[in-house]
Amino acid sequence: MVLSSVPAEYYLLLSAAVFCTGLFGILTRENALMFLMSVELMLNAANINLVAFSFYWGTLTGQVFTLFTMALAAAEVAIGIGIILVLYRNFDDVDVTGPTTLRW
Amino acid sequence: MVTVAGIYAYAPAIAALPLASFLVALFAGRWLPKEGALAGILATGGSLVLSAVTLVELVLTGEGYDERLYTFVAPAETFDLGFGVLIDPLSAAMLVIVSLIAFLVHVFSLGYMNDEGEPGLPRYYAGLGLFSFSMLAFVFASNLLMAFVFFELVGLCSWLLIGHWYREAAPPSAAKKAFLVTRFGDYFFLVGLVGVLATFGTARFAGEGGFPAGPTPVSALIHAATMVAAGVFLLARMYGFYALLPTVLAIIAFTGGFTALFAASMAVVKDEIKQVLAYSTISQYGYMMLALGAGGYVAAFFHLTTHAVFKALLFLGAGSVIIAMHHEEDMWLMGGLKEEMRVTYLTFVAGSLALAGIFPFAGFWSKDEVLFETLVHGLGANPLLLGGYLLGLSAVFVTGFYTLRMVMLTFHGDPRTDAAADPHGVGWNVKFPLAVLGVLATVGGYLNPAPLAKLTGAEVDFLHRYLDGPASEELLTSAHHYGDLTHEWAGYTAGSVAGGETATMLGGAGLSLALALAGAGTAFVLYRGPDPDRHTEALGDLRTVLVSNYYQDEYQVWLAEGLTLRTAIAADTFDQGVIDGAVDAVSSVSLFSGDRLRRLQTGVVTNYAALIALSVLLGLAAFAVVGGWL
Amino acid sequence: MSRHWLLLAPAGAFLAAALALFVIDAVDRDTTNPTVLSAVATAGGVVAAVASAVLLLSNAVATPAELFGGQLVVDGMSLIFTFIFGSVTALVSLASLDYTRGLPFRAEYYLLVTLAATGMSLMASANSLAVVFVALELSSLPSYALVAYLKHNRGSVEAALKYFLVGALSSSILLYGISLVYAATGSLLFADVASAAGEAAATYPGVLGVGILLVLGGVAFKTASVPFHFWAPAAYEGAPAPVAAFLSSASKAAGFVVAFRVFVVAFPIDAVANPSTYAVDWVLAFTVLAVLTMTVGNFAAATQEEVKRMLAYSSIGHAGYVLIGLAALTGVGGVDAESTALGASMLHLLVYGFMNTGAFLFIALGEYWELGRTFEAYNGLAEDAPVACLAMTVFMFSLAGLPVGGGFLSKYFLVVGAVGAGVWWLGAVLAVNSALSLFYYSRVVKAMWIQPPAEDREIDGYPPALYAAIVTAALVTVLLLPGLAVFDGAAFDAAAGLL
Amino acid sequence: MLVEALIAVPLVGAAVVAVAPNEYAERLALGVSAVPLVGSLYMYLAFDGSGNALLGGDVAYETFFEWLTLGPYAVNYHVGLDGISLPLVVMTTVLTTLSILSAWTPIDDRQRQFYGLMLFMEAALVGVFAALDFLLWFVFWEAVLVPMYFLIGVWGGPRRKYAAIKFFVYTNIASLVMFIGFFALVFGLGDAVGSTGLPEIAQALRAGQLGALGLPGTGAAIPADVLALSAFVAMFVGFAVKVPVVPFHTWLPDAHVEAPTPASVMLAGVLLKMGTYALLRFNFTMLPEQAATLAVPIAAVAVVSVIYGALLALAQSDLKRIVAYSSVSSMGYVILGLVAYSYYGVGGATFQMIAHGLISGLLFMTVGVFYNATHTRMVGDMSGLADRMPVTASVFVAGAFAYMGLPLMAGFAAELFIFLGAFRSTVLPAAPLFTAAAMFGIVVVAGYLLWAMQRSLFGPFRLETDYDVGRAPVHDVAAIVTLVGLIVLLGTAPELLYDMMSDATVDVVEMGGELP
């Protein structure tokens, strides 16, 4: 098998890289949708771990849990899009740094 | 503890009667005839009778009385906090004197207050009643605590009476000052009281329970403390206690001598008749302290007695003059009153001669004995006493001077004002007390004519025998017991100049009499004639010093306002600024930091994300280091 | 077996209510009487609360009952928290009847509330990281929507946006943490994680450590602990007041129940933080978190101009107090002191569920009357609405820790726990903060009772349901002062059972 | 059950009064407050306890049942009275009734709320003095703050908001400090006690069962003696704020000046006594060794409070401020008596609590009566009031002299006992010097009170504010005269209270006898 020849650490590194990419996106992007995508990246980083180590430990738990997380991610996006829509309706923009009335 | 049934059981009533009159005057006064005066007269008259009877009883049975009346709180620890009655020669005699004077003052007040239509009479008589009550209870107090309690009440009464005319500005202020000064003394008194109680567990004056010996540091503190406050009577009352410390005795004596001269010198230049008398009183107290310090217990009490009589006489006489003068007190506005007011004049002169110590008036005998005791013990034991003696001796001259000056200015020469020309007459209620006291002032000296006793060997030194009588034996308050104490602890022994005791005595007597006459004579020469002029200017700057009482008032004012008030204000500033400032600072600082903290919430969601990420990283880094990952 | 199904009654009640609302709304969405909707949701909450109370006090779970192969567990703690969720849901749903009058999508509103409550009750019973994540999302997603309920109100929308974005970030952090823990231990079940933790900490300390920290971060978001609190002030201020009440009381409690169970059960401190096998000392982490949260929350609250925002910050401060329960697990005082602290945290959340909900519902009343948001807006309100103001006074003083309500006891229990665990200085920090909180809470009281009333204020009617909810909350808060005796034993036992 | 009645009647009464119509509130409140008054007097007459409630004496009117569990500790509802607490309870009921009476004139808005709060406060105060379980005691202790906050904040003077919040926060944080210190002790006792009952804890502590308290992280622990000492300090500071002792006193003048007369009366009369009562019950009953160790600093603080407080009073011109600061001074005597740790010291301190309660209450009430008539409290603004209000003025004179410790008034007895006890204290080094220093207070106190009286009561009548000053209403006069009567009664017959007090305090001192 190919997978078995790949050390577990690599998966960790990969997922870490993806996670950081997502984080970077969150910190830099002002567009709400980009923000959303970055979050998705981070979630998927977690999924990589789960799947990989599910194989590593030889249990299905991780993989099954991954299915849940994907579903939840989808739900989250749905809510997110909804909120972004009303955001656009009220502020005529999807810039997350735009609305700053609630502060201090 | 001696207990005698019978008459002594009624001793408390001596004080209780005036207390009753106080209550009557206070609550029912305004509906009574004379607004409480009669109640007061009856009460004090009753006290007078009772105390006279008590005195007789004491003399006849020769037994004293020392009974606990009331327990303040149960002596759970070693203290006994209680009130009691102590009847021994000293207190018995003193009771008579006090109640007599109280009685006469009440009578006199009828003329002085009622007839003048003063306001607030019930308040006045209530105060007077309370005063008599406190004074009498103070006299027969059986222990220091009780003495302190009633001493304080006396202070309260003087505050009330001095401030009687509270609607005017001056009297309240005077009352405040007087009370504050006594309060200052009371502080030391209290320290002494607490010290005595806490050290000896009891503060009884008489009997085995009395003050044990032992000059510990504490009892030194107590000596110092009580000495400041205790009046002459209290000094005598606690004589057994002071007798234990020679230095204290000598200091008392010297202070006494000094006071005698110091106060007398101020009396010389005063123009208000009452002020002259006031300062002469202080000076006479000096003599009594001198005697006590010099171990002349009997002499001191003798002088106390005679002085009480003739000074009361002089004050009442002054009062009668003041009535006559329509409440004018300045002697320079009087003059020539002797024609108009015979009784007052004669009695007043009797009192004055007694005060000046002219033979054969009461003052001569007592003052002479005081000086004699001082002299012999000074020669025999402690040279410091000689200093006291000289001071006292020189005071004799001054006394003679100011006394006669007072008489001359008031009664002799021509009237210097219309008021003096036709004085307002005074009634029986003024004359009667004057008459009584006048007689006593004249003959009072024969209570204890020690010189006669010594010369003739006749046992006429009644007072001495009385004070030494059996009644005081068991109570350990007898004169010779004190004599032994002073001899034993202070090493007092009688000495004499060449010619032996008698010569010393006669010499001393002659000397003092001569000085008194000299003083009186000087005054007579200076102030005789129809219109005497003020010679005090001759004194120059000294006069200013004397008139302003050696700047004592300035000094006290400085103490009160310059020092204490300044400190207080400084303390207040400090309190508001620093202490309270710190409190407020804490709150304002925390509010400020709170305001800073909420700025963290910028409102930009990206910043939030950044901060979250940052803090997660920080946490990771920290634990990476701590946990040694990687 | 039947017993086990019975144990799920609280969660079941929420779910049933949700489905019922779903059906009702599906049947006819136009002419539905709002009272029915509110009644159904309220009933769901009440049933849940009563059921959990009965189960709790009947001692049905003397031994924790595991269901679904250990994915869920029902024990004293889970029941205490379902009681909290139930009561809060009931109060909020009741109050919302008046608050949402005339607004669209009421059915969805109640539906979301009950669904979120279901999620929370699952969080209380979650016994595996997977369930934790799913349940947490189940409670979060509806909350996002609820905050945005007033979708034409910019504040509401902005609040929802921030809540959602921070929430999404945190949930991905949590998930990544879970994945790392899984990576290190090879399991998601708490029990297995705990047994594997020691070895994992020895072999891959980094992986496990990072995992635990990230999980901690995810939980900290839910409990609005500094520095994951940034969403809270915005969300509470912008959201409709009843929703704010729901989030600040119930949702916060849900976060804490997860924190308690995950860290105490899954990451035993002596396994993951003893010198030989050291991954991460999460007690220390929680200590830092507690201090930060208390201080930031209270100090920021002290200088607010708007009552609602002040309450938001104060609820952050209270999260800090509750964190002491975890920070006190130092092993010094022995199981006695630790169960004292942890039990005190639970009790505080319990009381907090009532007094804080009540406070926010009072704000809801203010919004209903359109008084305005600032302190001044409430000046002299006591003259127009004495009952409500008396209730608010009870809430404020109870929050501040004065003995007018149960908040007094629970807060001081926390101090006791801290002292017992040897972290007396945490108690001191609490002391300072609580004194400060007394200052800003009493500003509200001052406004209501002491300040002269504002002119031109007319109160249009006294909404019965809202009043009922507020008065109930106040009554329970007061009764919990002597009546804490009902729960304290259970709470301390639950804590002891957990440890 | 009598204690419960004493707490419940005012509590229920408060609720009733709070909803009663304003015009009946005052009389209703008076009627309600009469019930606990009579009750407490009956309890005083029927008192059959002996010894100290904390040290195994037999407690009167005791009630006990289980309330809460706090982790390993049982929290019980446990109340009862002994010779220390009963007099304080009686004083509370007396002063409450009288201050309600004195409120009739000045309080003219929101009466029902005002009187409701007064009654609520009475209930809490009785609880404070009666509680024998720490947590129960603490509930009442904190509950007292709430009514006082409103009384000052709603019915107070111009700076009332500042004063109220200052009082509120300051005393609150103090009690938290004290709370921590106390529970450090409780945990230090370990399994020696299974409850938060004060008697159990006190006896365990005096039996020397205090152990070490562990510290997190390192395996180290706080040794018992350090623990005890720091706990003592924490509790002392906590209570010192309430007393108040310099330098924690600054909330007091503000609170007093702003508070309405009845609140001032309760504040000075009873609330301050809570602090000294707690000091006696906790610090000096539970930790005698520490008290002895810290004797000198505490005595120093006491003396400073006496003199410094009196000096501050001397610098004031607001009658209320004068009385307020002199309270600081008088409370200093109490501390001195406590730290002396001798029979008369502690007993006298307890007696001074009552004496000062009555006397300061009297002075505040009288100042209030003057204020009702003149609408000013500034000494400079008025003079010769005695001319228009002779009775009130004479009462003020009586009160002032009582404050100066005039014999045959309560203050003298108290101060005499304290001085005696302090002078012969075996615990306090250089006791005579400390005592003599403290005694000097009697001179300063005379200074400012005489000054105030001379300026405001005597001399020709003058008033800056244009109000026509007439005689005070009967109920005001009745209230203050009653107090004068009580003060004289206690001053002439201190036995009335001192018997039971000394009986209760002697056990505290027992151990103090053979202290290091």
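We call the chains A, B, C and D, going by the order they appear; numbering starts again at 1 in every chain.
The rule is short, and it goes like this: a contact is a pair of C-beta atoms (placed from the backbone, for glycine too) under 8 Å apart; a residue touches a chain by one contact, two chains touch by 3 or more.
Not measured: the values here are computed from a predicted model.
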If you tally contacting C-beta pairs, which pair wins, A-B or B-D? B-D
Would you identify the chain whose C-alpha centroid lies closest to the centroid of all protein C-alpha atoms displayed? D
Between the Cα centroids of chain A and chain B the separation in whole angstrom comes to 98
Chain B and chain D have mean C-alpha positions lying a whole-number Å distance apart equal to 38
Taking each chain's centre as the mean position of its Cα atoms, how many Å separate chain A from chain C? 26
Could you give the separation in Å between the centres of chain A and chain D, each centre being the mean of its C-alpha atoms? 64
Tell me, which residues of chain C touch at least two other chains? 161-162, 165, 169, 173, 233-234, 436, 439
What are the residues of chain B that contact at least two other chains? 587, 598, 601, 603, 605, 609
Show the residues in chain A shared as contacts by 2 or more other chains, in ascending order. 26, 96, 99-103
Each pair of chains that touch: what are they? A-B, A-C, B-C, B-D, C-D
Residues of chain D that touch chain B when the two form their complex: 166, 169-170, 246-247, 249-251, 308, 311-312, 314-316, 342-344, 384, 386-387, 401, 404, 406-408, 412-413, 416-417, 419-420, 423-424, 432, 435-436, 439-440, 442-444, 446-447, 450-451, 453-454, 457-461, 494-495, 498-499, 502, 506
Could you list, by residue number, the parts of chain D that touch chain C in their complex? 67-72, 135, 138-140, 142-143, 145-146, 149-150, 153-154, 160-161, 164-165, 168-169, 172-173, 176-177, 179-180, 183-184, 187, 213-217
If we count contacts the way the header does, which residues on chain B are in touch with chain D in the complex? 71-74, 76-77, 79, 81, 145, 148-150, 152-153, 156, 163, 166-169, 171-173, 175-176, 179-180, 183-184, 186-187, 190-191, 194-195, 197-199, 218, 221, 560, 564-565, 567-569, 571-572, 575, 579-580, 583, 587
Residues of chain C that touch chain A when the two form their complex: 130, 133-134, 137, 141, 144-145, 148, 151-152, 154-155, 157-162, 164-165, 168-169, 171-173, 175-176, 178-180, 182-183, 186-188, 207, 233-234, 237-238
Complex interface listing, chain A residues touching chain C: 8, 12, 15, 19, 22, 26, 32, 35-36, 39, 42-43, 45-50, 52-54, 56-57, 59, 61-62, 64-65, 68-69, 72, 75-76, 79-80, 82-84, 86-87, 89-91, 96, 99-103
